[in-house]
Structures are given as structure tokens and as C-alpha cells.
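The structures considered in this document are given below.
In what comes next, subunit A is part of two complexes: it sits with subunit B in the first one and with subunit C in the second one.
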Partner chain A sequence: MKRNAQLTGFASAIRISSLSDEFKHPSTIDTIPPQSKKRKAAEATVASDTLSAQRSSKRIASAAAVKEGPPTPLTTGSPMDSDDEFMSGMSSDEDMLQESDNDDGSADDFGFDEPEPDLGYSQKGAVEKQEKRKFDINYKVYHPEDIQAQQDDLIDEVNMILDIRKEDAAILLRHFRWNKERLIEDYMDRSKKVLEDAGLGPSMTGPPKLEVIPGFMCDICCEDEKGLQSFAMKCGHRYCINCYNQYLGQKIKEEGEAARIQCPADGCKRIMDAKSLDLLVGADLQTRYHELLTRTYVEDKDQMKWCPAPDCTNAIECGIKKKDLLRVVPTVACDCKHRFCFGCILADHQPAPCELVKMWLKKCADDSETANWISANTKECPRCNSTIEKNGGCNHMTCRKCKHEFCWMCMGLWSEHGTSWYNCNRFEEKSGSDARDAQAKSRVSLERYLHYYNRYANHEQSAKLDKDIYHKTEKKMIQLQSASGMSWIEVQYLNSASQALQTCRQTLKWTYAFAYYLGKVNLTAMFEDNQKDLEMAVEALSEMFEKPVQELADSKLKVEIMDKTSYCNKRRVILLADTADNLANEVWTWHPKDLFDYFKS
Partner chain B sequence: MASSQKRISKELAEVTTSPPAGIKVSLVDDNNVHNWNIVMDGPEGSPYAGYLQGGKFKLLLVLPTDYPFKPPKINFKTRIWHPNVTFDEHGSMCIGILKPEAWKPSSKILSVLTATQNLLVEPVPDDAVETTAANSFKEDRAGFNKTAKEYTKKYAK
Partner chain C sequence: MFATKRLGKELAKIHGSLPPGITLVTAEGFQEWLLDIKVLDENPIYLNQTYRLKFKFSQSYPIEPPEVTFVNTTDRPIPIHPHIYSNGIICLDLLGTQGWSPVQNVESICMSLQSMLTGNTKNERPEGDAQFVASNRRRPRDIDFYYHDNTV
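Take a look at the complex of A and B:
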């Protein structure tokens, strides 16, 4: 194995660089939201280095890929992201190797386990890449410091143009939801009203300061002791510093309020500005206050959304409008690796559009139709009637008792599946005669629903099981390394396979929800063919993946798994490109026909 | 907190020495300034006024420990048929000034009490907690008034 030899070649180099974090968390191409801060921190340090390296390597890769004909599925150059990342950072020899890898056509366009890393650069990459993937959208990931800088720039600009204090400019911008143009226009027209509406009312001059006023009694706590420090914003409502402190602490800490904290006076709409706040509270509250302000900046912008992954502090900007959501599924990938839909914030649900997803989830949550299915998480062996619970992701079942081999989905003989006719993903509509009877009709529609739900839920479940198996395998991979002298990088193909299984099952899952609402036309048959191809490949990979560790170490199986991984990823891209294309051109028909009419109106 | 004691005592003194019309205030327990008994007359012109003598509604006002930074809680102890008060043993009331986002530390108990009186005169059916009462108030005012009067007679003695 030429490739294997080469892999071993730089495996040692990588060992020297000792990516110990990566060793523990070999998920540089993770598609799942990170579970812990620790893990994310470990990835973050690596990601920044590898991403830039990847970018350059990908340009080479795409150039090579464009020249070549359609990729052949059984290529030995099955690219693994981790390989590419490492290779690109190394010597020219390895760069050469990478290019030759790409020459066989399997790389870039189809080879990557997930489209995420190059998606981020699709704006720049569009020139190099002759054909952008149909389902790619433009978006940008912002880190907390970028978000702060953007706000500061806008504030400076307004501060200069309108010649007002920075604190006031900030309040005005927040009041106008960061629409600078509208703010400036309105301010020019009627500055007094704008200031009043934003809670900046008639102002007195001078910077905010604490004062000791003889005879002062605080209206909140009724204290009147001598030397009591007090403060008033420009509205003139004066309270003691202790009350201010408690009031602001409660607003910021308990209520998470920042941009719209009003003067404590009953009925006064004056907004607390950052400078006054800094005068009144301690450092920890100031920090929190500014964090919250940053948050409202993102929340106020229609084109920006927070990454929903736990503990992620990044935001994503994307120009997708709500009305586009029937034609585009705007899937974005945060730098934290979490992939989600910009339209609805749910996890990646390509190829199904948001509205369809919403309907489907609502339908699934409705017990009436699923109750009979949910109770059936176990099935009986078709031959000996032993009760069987599925313990892995693969659909190829072998009854432990009678050794009968069957398909978990259709319960038919497995021997009929492995070959040419794999008819498990289609639902054949009952003939018209059945439909005449109203009762039969409702039964058909229930069966139809259950057919798709069954397969939808099966992929969800299988993805979980595949992941469990991966975690077990991960441990064995480490044992295997110490026992057989295999290097860390040599066992990474299992990581890639696991990623591919997860991503493809996520896609497959949603193809069934998609198919449920799809009207039957010629296009549908093509879609089902694509779905079938991907499903077959995924099941095959899943089966290989479940093999005992001793067999996994075998180089022949290793190559097979690598090939299958690459093939799965390729089929997924084909399926998504096709559905996205038809979605954009609005050529799908829906079941029922008027499914989305309410959305368009 | 000492500061809140001072403020509460001041407010209590104000409300007991010069109480607003139709409202009587006393402490549940003289050693605890946080729990107030309120007796409120059904305002004239409302179905809560009663016939010969005004309907007497008992309320409990509880001041949280971080009063005045948190709003007081106020509940009807007397059953009342009203769109904004739950018709149960809690007698929970929905009133704008007590919502956390509307409450300011400088808001006063007095204004809570007068707002409650106003609510008896003018229910806000769009903010209803008792939907049957709200629907009846909106669609069948005569029927609503009749029921409210009956309950006033029965409970608000």
C-alpha cells in the first residue's frame, strides 16, 4: 500500500510535534457540538493553525479537481481531512503527495468529510472554485473581539458625524437597532425627539459625577446620613450610591439587562449609559454589563445570530432573508465545528427546508400517530420470534438464537438486500382502489407517515449507536497503537469513518422527512435513487465499522473503510446538490400541493 | 436590610396616618413590617360596591426582603369575580405596576394600592388571568356585573 507507507512516513513527524491534545480529542473534523469547554479549548488552538493551512491546500485541490473528470468512487486516495491538514503544513514532498492525491479526482469537491471548513471561505473561494456547491451559502463567523470592534467602529462613526458623546451615540445606535443610516437621518430631521425616544431626554452639561449634597435624602432607602454620596443622570432623579449599586446589580446579574436599564425613578425612561454605570458599580458588574451589551448587538441585528452550541461565544452573519427559506437551506458551520441552520437555529437539517422541518417535528411530537410506533422499539425475529433489540447502527440483523439474517427496516431477508434490489427506502403508494374507501385512505396515510418516520427515527437512533461504538473503538485504537506499534495517524481513518457516518445519517434522516412531504414526480424517483445509494453506502460502512478491533487493524479492511468513507461523503454531496438545486429552482412538488402556500402569502 | 426597614416604616406611617379613601392598612404581625393586611372597599360604581354597605375585600401584601428593588406581592384573600384576579384560594392578581420590568425602586406601595382600586373600577380583559370572567366581561357585561355582584354579596362581607 503506497499510501499507507507514506502515511507512516509522516506519522513520525507528527509524533514529534506531539499533538497531545489532538490525541485525546482526535476530532479536528468534528461535526457535533462540543460537549465540554475543555474539549473546545483543546480544539481551538489547533483549528486556527490548520484552517489557514487548509485554505491554501484547498485552492490547489480544487484547481486539480476541476481539470479531472467525474470522480471515481473506488479511489485509493480517499482523503481524510486530518491527513490533508497535516500534510499541508509540512514539507514540499508531502505537498506533492497531496496534489497527486487530488489528481485522481476524489479530493476537495467530494472528499471532505464535511463541507464546513471551506464553506467559510466560499466568498473568496468562489473565484478559484469553478462550480460552487449548490447548497453552499455565504456567511461569516465572528469571534467576541470582532463583534466588539464592529460596535466600536459604528459608535466612533456616529460620534464623529453627529458630534455627540460616545455613550450617547451607543445608546442611540442600540435604540435604532444598529441601523446607522436611519439614526443619522432621523437625528438630522428631529434630534430632540430622537434623543427623548432613546431615553436621552433634555440634557444638562458636564460629565457624570458622584456628589454629596447637604440635606439629601434618598427616595429609595430613605437614608439621609451626612456625607451620603448620591448620583443623578441627566434627568435629575437623584439617589444614593448604595441604592444605585443594588439596583444595577439586580438588573445586570439577575435580569441580564444592559442596553435598556432605565433610571430608577418611577416612570422615567432615561437610559443608563456606560460611563455613568462604570462610575457606580464595581469591576465585575462592569464586565458583565459590557458582555450583555455585546450580546444585544448581535440579537438586534437580523443578519446575525449566536452559534447555539453550548458555551460557544461566536456569532454568525448571513444575508439569508426569511422569504428565501423555501428555496435555500442555509446551513452554516461555526468555528467551534457546530453545524446548524441559520434560518431556524436547529442542527443541520439539509436537505429539508425550515418550514418543512417545523411541520415534521410538530407532526412527530403529536403522539396520536406515533404512539403505536414508539412502543415498538423492539422487533421479533421473522423466523423464530425471539424479541430483538438493535445494538448497533447497521440494519443487517443476525438473530443470535436462530442465526436468521434479515433487514431491520423491512424485516425481509438480508440476502435480497445486498445485491441489486434494495427497495427499503421507498414507500409504494397503495393503488387507487384502496384510496376510494375513506377508512383505507386514512390507513394509507398513517402507514405512509410511519414508513417515513420509521426511517427518520432509525437514522437518528443509528447515529447515536454508531457514536457509542466509536467511543468504544477509540479506546481500543489506543490499545492497538501500543500493542501493534501502529501510529496515531494510522488509526485516524476510524475517526473519519465515524464522522462520515454521523454526517450522512444526519442528512439521511432529513431526507425522509423531506420525502414525506414530496409529491410524486419524475424528480422524486431520482431523489429516491440518490437516497438509496447513500443509504446503502452508509449501511455498508456502518457494518464494516462495527467489526472487532482485531479485524479493523487489517490493512485490507482499512482501505475498504477509507474508500467507503469517501464514497459516502461523495454521495451525500451529490444528494444535497441535487435537492438544493431543485429547491432553488422551485421545481419540487409537495404533498399536499398547497403545503407552503401559507408561507408564500 | 436596614435600608429597606427604614423605607418600609416610612411608607407604612404614610399609609396609616393618611390612608387613601376606602383603604385600611394594618400589620399582620406588629413585629414584622413585611406583611400587611389590606381591607379595600369595593369602589362605588363597580359591581363590587355592595348594596347597603360597601363590599369589603381583604388583601395580603407581602414585601420581599429586597424591597424596594423587587416589587411587593399582593393577593386577594376575599374571593372576587374579576378578569384580572384568579377565582381561587390564591386570588393572584395581574397588574402592570407589579410586573418586574415595570417596577422601579422608587415606585410606592401607595401607587400599588390605588392601582388595585382602579383595576376594580376598570378591569383589563386583555391581560386576563380568569378567562371566563374576561369573556363574560367583554361579551355580556350585564351578566358579568350580575355574577360579580352575587359573589361580592356572598364573600365580601
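Take a look at the complex of A and C:
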């Protein structure tokens, strides 16, 4: 019933008009204002889309560790550990066979849904160790301390090789966007120019220090008190400590700069180094500065991205190239369990490639379908051009705005119809039939879009509802433990089921966006079969999942849920493996055919 | 007060002497000053014209740049320039946080604007001027100017 409850903006608008068709008597006309109600409805849907996307991100992440496995719970670990689960989405057919071989066995469990304390590290290891499969995405998760260590290593290395101060090495590395090889090569060739470009111009020796210079007047604040402390970097532009403090505070706090803060002097390209900065500002600014510095390391590297989950400080390294994004959907899972696409940073959108996702979201957000709806469902008053939706009655239309009376069928003057009331039998001009053809076309296009959109939105909504149930599940599991005397580990099957529902719905959701752009070939039928199988399994599981606690305690239902959970996960892997395979081999055709041509060129 | 002392010094210097073509109109308090500028050479676009500049200073001046705009009065039009909108907003990197340096001052800004006008040969407004003027509600400093043409 929850599925029926949600009507999208488009659907509800259509329903209203079809309902009103039932009122046969009055010939009423609605003059639709240029900004139709429908648009509002569409906006509302979109707003909730983004909201849910944000809110669900954590949730989906927690579903990352959903395992496909046989139903018997067991507390011991299995050789097939959960670490490679995110990979299984892309696994090839041989793996599928392997996994189904495992099916009757009892060597798997649900205990891995809870994170193990060392998960982060074991996962990293696992990724490295894994032999390369066709669609695997190799990536590594880095924690803040790893990122710091990497930077320090690079700085130390450059410091040793080029024999320059560590601060200078850091500035040079940032200047070269952390490309160590290029830095060393360029430095060997023409060290003077490299230093100059990086803002390290001709240098005097000695550590940075504050000085009191008699007769000094600060050019910024015009202060010339005796004993005023001042500072100058190696460029010699000297300002008082207060001005420096203000200046750096503005740059760091307000403008979020760190790696490229220049000397306050006009046109001076000298870059503020970490040691000088520590001398000039308080502890809070220093901390912020170093945070921002660390951040530039990740941001400067094309192969690194921050995990977009709220409050997550990890970064992910992945070698995927932009040009590969039409053939691969590089889904990665952070140690915080957030699953996202490395290509576009959006939450996991397998099997749809990034460009398709971008198009789909844009389509859902913009008004292109509003225009389609208007052209499919309305006509314009021949006199004042107000957009009119006929919401019932006969063909005798009276425009509410200009009181023009005309025939809905032929759009001609009503007065010419004489006595043939409620029935236009005038000869159809060609223009009339052309107009109807165009209308029919836009009706089909709208219906096609709505077909996929409704299913897409439905899974999004259902995932949200399943999530609500998941919150109750935790309570249920505790109740179950006390009601049935089951142990903690024995009730984890509900957790697994919930996570499977989230992951599978996320996938299903995107299969509909994917299908909208998919051209019709033989493969499409197979894809649709896979989609149908997964959808049926998910809906069945969702239904079982909603049962009251007493029934859940029943061991027969428990086995059924566990069976269904593993079946859902399996169907998902099959679907994803199939789509990824075809994507990689570029055998899909698109609707329209030239959908991605702009991307390839 | 950070800005006060600095502005006091600047004002004292301005009262002493100003470069040719720049005159102080009012400087009451340290929040808003008005200055007039003229283009000194024979550039036909700006010949025999005087333009009025309004400077607004924040508390953090000179760490932050002042807000500088041309103002329109009966005998002071807004100069025509591909980087000056018809509402007086100036698109100059010097006045944004990126291009600003705290050692710049009112006098140096006036001189920069003089030379920006002197060097111009295009008798035109920026692209999309009408739309920008009609829709802009932001303070000049918050606008991300896209520098269409850095050669001007």
C-alpha cells in the first residue's frame, strides 16, 4: 500500500484531468496560468530527491557490507570475507558460479555486517591483494594520518635529494601539484626559475624571526610606534605583526587559502611558508592552516578524492580516467561505509554510467517534461493564446480569460458550428491533423518518461520507507532476543535483510534511469528480465520484512527471509555483472542513438 | 580601530597633495569617501568628463579591499568601459579579494582606475550589462566576475 501512496507530480496532475473527464455535463475550461501547478509538484519531487539523497547516503553506506550468502547463520569467519563485497557488484560470471556453488554450504554467515575493528586496514590489503578481474576498480582508502604521512614522505625525499629546507620543499611540491618527478627534473635543469615561480626567489639564510627596527612604519596600518614588532619574508617586504595577523586571518579563515598565500605587498609572489606562519599567528589559525594544507594535497591530485560522507575525513585514491567513465561505473566504498561513485562523487549509481546519471537528474530537475505535459494535455485559445486544459464536458469551449468561444476539436469559431452542438463534423484541415500528430508524439514521450520516472521515484521512496522500518528493526531485534531467546548473532538476519533492501533498491532505482536511455536491442530483454527478477525478489523481501515481531520469531519465516536476502543480493550481482560487462564492451545502444557522442568527441 | 588610523594617515596625505586629475570631494568619517577623477590624455571616449567615485570602507580595511563604485549625478556620468556596468559597479581584479593587496590605498586605486580608462579604446558596456544591472542585488565584492577579456 505504501507504493500506491506516493504519486509523483506528473502522475497526480494527470489523474486530476482524467478524473474530471468523467463529469460530462458542464463545459468548463481551466485557464492554466503560465506557471502551472504541475511545475510546483515537480519541484517538490526534486527537492525531496536531493534531500533523500543526502539523508540516505549514510544509510546506503551501511548497506555496503550486505553479503550474499547462504541462510545458515554461523559465528565463525569464512574465507569469502565481506571485504570484497563492493567488488562483487562488478564481478564476472565465473565468480557467480563460484558463489552459487557455495550456496548449499553452511560456511557463510551474517556476522560480518558489523564492522570489524581493523576493517579499514584489512580492506586496503584486500584490495591490493585481489587479483584483477575485468570490472574491478582498484582503489585505496586513506585516513588523515596516511595522507599526512604521504606528504611528509614526499617532502623528506625532496628535502634530501635537492638539499633544500623542508618548508621550501613543501612549497615547491605544492607548486608542482605534488608531482615529485617533474619537480626534481625541473629543479635540476633550472633551479633559479623554479624557485622564482614557486615564490621562493633569491634567499638569504637564517630562520624566520620577528624584528624591531627603529624608525619602521608599517605600510598597511601606518603604525610607527617604538618597539613595534615587524616581520618580513625573504622578499624583504616588512609589515607589523598585527597587520600580518589580520592579513593571514583573513586569508585562512575567510578565503580558505593555505598553500598559496602570497606576501601582502602588491604584485609580490612570495608564498607564506609554514614556519613563518607559525611565528605570526595563534594556535587556532595554525591548526586551520595545516588542515587546509593537507586538503590541498588531496585536491591537487587528480587520482584522489575526499569521501563525500558528512564528517568523514578519509580520501580515496583511484586510477580511473575521465574518458573511461562511459564504460565503467567506478563505485568505491570508503571505510566509513559510504559507497559512492569515484567519477562523479554521487552516491552509488550502478549500473548507470555517470553521464547518464547527470542527464537523468537534470531531466528530472528541469522543466523539459513540464513542457511536454503542457503540449500533450493542453491547447491554446485561438484568440488570446492562454494555455487551456479541457477538463470535461463538450467541445464548446469558452475561454475564461477572453470569453472567446471556439470548438475544441477544430479550434474554429463556435458560432460557425450552427446547430451541430457537441459534435464537430467539419472537414479536418491538414493543419488540424498535424497538430494532433505532434500531440500524440509528445504524449508518448511523456508516458515513456513517466513510466521510468515513477519506478525510479518509487524505489527511492520505498528505500526511505524500508529505512524507517530498519530503525524499528533494531528494536525488533532486541525484542526478538528476549521473546524467542535467540542470541544477538541469531537475530542479525534482520539487519542483513534491511541492508540488502537498501542496496538493492538503490540499484533498482538506477536501473530505471538506465533503462530510460537504453535503446531496444536483444540485450535489453535480458536486462529487463534481470531487472524484473531483482524487483520481484526485493518486493517479496520487503513484504516479509514488515511482518510483526511475533511472526518474525517464527523459524520458518526466518529461514525464508534469509533465503530471500541472499537471493536478492545474488540477483543484484547478476544484474550488475551483466550490465557492466555490456557497458565495458560497448554493446549497449542508446536512446537516442547519439546520446553520448558529445562525450566521446 | 584598525581602519581608522590607516585612513587618518591616508587622509592627511590626500589633503597634502594628490596626483593630477584626482580630487577629494568629501571624506567625512571613515566609512564613505567621495573622489572625482579625470582622464588626463586625449582619449575621445572620456574627453572633458569628470567621474565620481564612492569608496566604502569596512572595519577590516586595508586587509579587505574597499568597495569602490562610480556614482551617477547630474554632471557626473558613469564612464563607458567594457568592465564598468551602467550601475557603476567596476569589474577590476584589484578590487576583489584575489587581486587586492593591503598596501594599496585610495590614491593608488584612483590612479589604477584612471589608467584603466586611459588605456581603453572600446566604447562599450560589458556583455550582459542590462541583465546584470536589472538582477544584481549583491555587494560588488561578492560578485564573481568572470574576466571576459583581460586585455582591456
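Just so we're on the same page, the second predicted complex is superposed on the first by the 388 of 601 C-alpha atoms of A that agree within 3 Å, B and C clash if a C-alpha of one lies under 4 Å from a C-alpha of the other, contacts with A are read in each partner's own complex, and residues count from 1 in each chain.
The rule is simple: a contact is a pair of C-beta atoms (placed from the backbone, for glycine too) under 8 Å apart; a residue touches a chain by one contact, two chains touch by 3 or more.
Everything numeric in this text was worked out from a predicted model, so none of it was measured.
J.: Could you check whether subunit B and subunit C clash or fit when both are placed on subunit A?
T.: clash
J.: Of the partners subunit B and subunit C, which touch A:Q246 in the superposed model: first, second, both, neither?
T.: It touches subunit B and subunit C both.
J.: Based on the superposed arrangement, let me know which partner A:Q148 touches: subunit B (first), subunit C (second), both, or neither?
T.: Neither partner.
J.: Looking at A:N179 after the superposition, I want to know if it touches subunit B, subunit C, both of them or none. Which is it: first, second, both, neither?
T.: Neither subunit B nor subunit C is touched by A:N179.
J.: After lining up the shared chain so the two structures overlap, which partner does A:Q229 touch, if you call subunit B first and subunit C second: first, second, both or neither?
T.: In the superposition, A:Q229 touches no partner, neither subunit B nor subunit C.
J.: Between subunit B and subunit C, whom does A:Q461 touch in the aligned arrangement: first, second, both, or neither?
T.: neither
J.: So which bits of subunit A does subunit B touch that subunit C touches too?
T.: Dual-contact residues (subunit A): 219-223, 239, 242-243, 246-247, 250, 255, 264-268.
J.: Under the touch definition given earlier, write down the residues of subunit C that touch subunit A in their complex.
T.: Against subunit A, the touching part of subunit C is residues 2, 5-6, 8-10, 60, 62-64, 97, 101-104, 108.
J.: In their shared complex, at which residues does subunit A touch subunit B?
T.: 219-223, 237, 239, 242-243, 246-247, 250, 255, 262-268
J.: In their complex, what parts of subunit A are in touch with subunit C?
T.: 219-223, 239, 242-243, 246-247, 249-250, 254-255, 264-268
J.: Once bound in the complex, which stretches of subunit B touch subunit A?
T.: On the subunit B side, the touching residues are 3-4, 6-7, 10, 66, 68-70, 100, 104-108, 111.
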